[in-house]
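Here the chain labels run A, B and C in written order, and each chain numbers its own residues starting at 1.
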Amino acid sequence: MLQLIADGFVIGSVIALGAIGVTLVYSILRFANFAHGELLTWGAYLAWTALLGFAAVWGPMEPLGPFSFGWTLLASLGVAAIATAALALLVDLLLFRQLRRHGSAITLIMASFGAALVLRNLLQFIFGAVPEYYSREIQVAIRLVPRDVLGGLRITPDQVFVLGLTAVSVVGLHLFLTRTTLGKAMRATSINPQLARVTGIDVDRVIRATWVIGAVLAAVAGVFSGLTVQLRPQLGLDLLLPLFAAAILGGIGSVYGAVAGGLIVGLAESLSVPIVGAEYRAATAFIVLIAILLVRPTGLFGERP
Amino acid sequence: MTALRVETLEAGYEPGLPIVRGASLSVESNEIVAVLGPNGAGKSTLIKAIAGLVPISAGRVLLHDREITGRAAHRLPHEGLGYVPQTENVFVNLSIDDNLDLAASILKVPKKRRLGELYALFPDLARQRRLLAGRLSGGQRQMLAVARALVGEPKVLMLDEPSAGLSPKLVGIVFEKLVEVRATGVTIVLVEQNVKAALAIADRAAVLVEGSTRVVGTARELANDPQVAALYLGHHRGDT
Amino acid sequence: MPDLLGLLSYGTFFLVFVTIYGLVVLGLNLQWGFTGLFNVGVAGFVAIGAYTSALLTAPDYPDQIGGLGLPIPLGWLGAMVTSGLAAFIVGVAALRLRHDYLAITTFGIAVTLQLVALNAQGLTGGPFGLQFIPKPFAGVIVDNLAWNLAYLAMAITLLGLSYVALERLVRSPWGRVLRAIREDETAAESLGKRAFRFRLQAFVIGCMLMGLGGALYAHFVGYIAPEDFLPILTFQLWTMLIVGGSGNNRGAILGTVVVWALWTLSGNVLRELVPAEHQARAATLQVVLIGLLLMLILLVRPRGLLGEEAVVSRHMKDPAGEVQEE
C-alpha cells in the first residue's frame, strides 16, 4: 500500500509537470494542445542526445553518489530544456501563430493533433523505436519502512531526485507567477487578453513565455519519465491522457490545480494496478476524466467551465 | 498645445470595408472632448483605432505631435495614452489592489506613490482595495477601470461609453469624477451615447456620422444647435 | 491480359477502402462540418463497430466470449448500436461543455478502447485480434475479383444511401438548427438543453456511421487487430475531411479519394525506394508527409478543396443576420 502511494507520487510528479504546461497553454492560448505530450518525448530524447554528446567528449557518465546518473545528465537536462523550448517556439511560429491570426480555437486543436503525429513520427524516424535508457546502473533502493508495516516502502535515490526537483519546479513557478511582472502579465492575459493589451501587456511576449515554461517543464517531465521508466517514442502519447485528466481535474487554467490533479491521477493509476492490472493503468485516467466531467466539470480549483 | 490629433482617419475590421471614413479630430491639452453621433456611426471603432485595436488603412494619429498611427495596442499605454474599454474593463478575478498593482508593474511606475495618488482620487476604491473586481457594482467598476487606465499617468485618457449600463445618478457621479481627473492635468476624450451628460462636462464635441466628423464645436454651440439635435442627437430614427 | 486484370483488382481494392473510409468521413462531417463537434477518437468508434460485428457474426471462438454466428446484417446493425451507445456515453459527459472537452474525452475513449482491444484477450483476442470474420456472399461468389467487385457494389450502395440520407438531413430544419448552433454560440446558449440534445443526436448518428464503416472493414478484410485502429487512422480520416472541405458531403468523399490515393501512392514509393530493413523507419516519414499536408491545408486553404456548400437558400438569413453563401 505504502509502496503504491510512493510510486503514485513519482508518476504523479511527471504528470503534474506535464499538466502545468497543458493548463498554461489552455489558459493563455485557449486551446487543448494535443502536441504537448510530444514535448515530453522530445525533451527526453534531446537530453539523451546531449548525454551521448557529453559521453563522447568526457567519456562515460560517472554516477553521482547514490544516483544512477552523473552530473552530465543534469547538464543534459538543461540542454534539453532549452532545446525543447526552442522547438515549442518554432512550432508556434510556423503553425499556431499563423492559425491564431484567422483561425478558431478548434482549428488550433486540430493542428496540434497533426503536429503531435508529425513530431512523434519525426522523432521515431530519427531515433528509432527501440527503448533506450539514460543509465544502466543498478541502484540500491532505500528501505524507508519495514516490510511488515503496510507492506513496506522502498524508494530509489532517482525517485527521491524526481520528487525533490518537482517540488522545486512548482515552487519556482509559483514565485515566478506571483512575483515577477511577466508572471503577473501571464495571469492577466489568461483572465482577459484584450484588456491585458490595453493595459500595456505585450501579449506576444506572454505567449512566448507560456511556450517556454510549458516546454521546459515538459522536458523535465520527459527526462523524469525516461529516468524512472525508459525512453520510448510513445512516452508522451501514453502520458497525454493522464495530462489532460490532471489538468481538467485540477480545473483547467489553474497551475496549482494541475499539480494536485497530476498527483491525484498518479495515485489513482498506481492504486488501480492491483485491482485492474498494470495493463489498464492508463484507462484509470479516463475513468477519472469521465467522473470529473460528470460530477464537477470545473475541476477542483477551476473557476470557469 | 494639441494633445491628440486625428487626421482623415480610415479604419475598419476588414480590408476594403472601412467603418471610420475620414474622421478628423483635434484635442487641445487639458480639454474634455466628447465624440457623439448616432448608433453605428463608428464612434467606438474610431476610439479603438486610435488605441491600436482596429487596423488603420489611411490617415494619421498624433499624440503630442508624435505620430502613433498603427502602433501596437500594448505600446500606447507606455506612450502616454490611456484607454478604458466599454465592457470587460477590469480584471474580474483580481482584487482592486491587484488590478492597479498589475498596471503599475507593467508600466514601470513607482507603485506606492502612484497608487496612493489614485486612492486619494478614488476614496471609494481605497476603502475596499482587497475586494475582487468582479464583485464591484457597476459604478465602482467603472471607477476602477478609469483608475486602472490612469496608473501609467497618461497625457490623454480615452473612454468608450463610460455611461453605458449606469443609472442616471451614477452617470453623474462618474462624470464628475472625470472632471476631477481633468483637473489633475489629463486630457479626456470620451465617446458617448448619452449626449446630455457628455455635453454637460465637455468643452467641445465632435459629431460623427457614417464614419466621418460632420460638426465640431463647443459643447454649448452643439447643445443649442437645433439642426444638430434634430439630425444626430436623439431624434434620429431608424439607424442601426 | 494479366496486367489489366491486376490493375482492375488493385483498383477494386483501392475503391473498397475509399468507400469504407468515405462512410466514416461522412459521419465525421456530420459531427464537425455541420455541427462543429471535434471528435479525436474516430478510430475508437470504428474499432467498436468492427469488433462488435466480428463478435456477433463469426463462428464460435474457442476460449473467448462472442462468435455468435449471427447473420451479417445483424452484425452491422449491432455495430451501429454499440458505437452509437459509446457515443451517447461520451456525449452525455462532454457535450455540455466547451468543445475542447469533447476532443479530450473522445481521445480518452479511443486510448481506452485500444487498451481493451490489446488486453482483454477473452473478448477481443488481444494483440492477435479476431480472425475468420465471415465474408458476405462468399458462398455464392467464389472468384476473388468478382467477390471484391460485389463487395464494392454493396459498399457503394451503402455509401450512396448514407450520402442521400445525410444530404436530406442537413437540409432539413434539423440540419439548419445544427449549423445555427455551430455558427453562433449565443444562439446555441439560448437553445439551452435543446442545443445539447441536437449536438448529442448529431454526435451519435456520426459515430454510428463510423461503427458501420468499421464493420464493413472487418468483413472485407476478414480479420482485425488492435493495430488497425491506432490514432493514425483518426488522423487520416480527419485529413480526408479537411482536404476535401468540411461542411460539404461531396468534398468529404473527394477528400477521401485524394488522401487515400496519396497515402497508398506514398506507401508504394517508399516500399520501392527504401531497402527492406529500413521500411519501418521510412513508414514514419509517410505520416510526417500526411501531417504536413494537413497543416498546409489548414494554413493555406482552410476550407479545403471544395469548401462549404451554400445549403441555405440565398434569401434565407442565418441567425447571425447575414446571408450565408460561399
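We take it that a contact is a pair of C-beta atoms (placed from the backbone, for glycine too) under 8 Å apart; a residue touches a chain by one contact, two chains touch by 3 or more.
Keep in mind it's a predicted model, so treat the numbers as computed, not measured.
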| item | value |
| --- | --- |
| Touch-based graph of the chains, sorted into line, ring, star, complete or other | line |
| Chain occupying the middle, per Cα centroid | A |
| Mean-CA-position distance for subunit B and subunit A (Å) | 44 |
| Subunit A and subunit C: spacing of chain centres that average the CA atoms, whole Å | 32 |
| Gap in Å, rounded to a whole number, between the CA centres of subunit C and subunit B | 53 |
| Shared interface positions of subunit A, touching two or more other chains | none |
| Contact footprint of subunit C on subunit A as seen in their complex | 26, 31-32, 34, 95, 98-99, 102-103, 105-107, 109-111, 113-115, 117-118, 121-122, 124-125, 128-129, 237, 240-241, 244-245, 248, 252, 277, 279-280, 282-283, 285-286, 289-290, 293-294, 297, 305 |
| Subunit A-touching residues of subunit C, taken from the complex the two chains share | 36, 38, 40, 92-94, 96-101, 103-105, 107-109, 111-112, 115-116, 118-119, 231-232, 235, 238-239, 242, 280-282, 284-285, 287-288, 291-292, 294-295, 298-299, 302 |
| Touching residues on subunit A, where the partner in the complex is subunit B | 181, 184-185, 187-188, 191-192, 194-203, 303 |
| Residues of subunit B that touch subunit A when the two form their complex | 51, 53, 72-78, 83, 85, 88-94, 101-103, 105-107, 148-149, 152 |
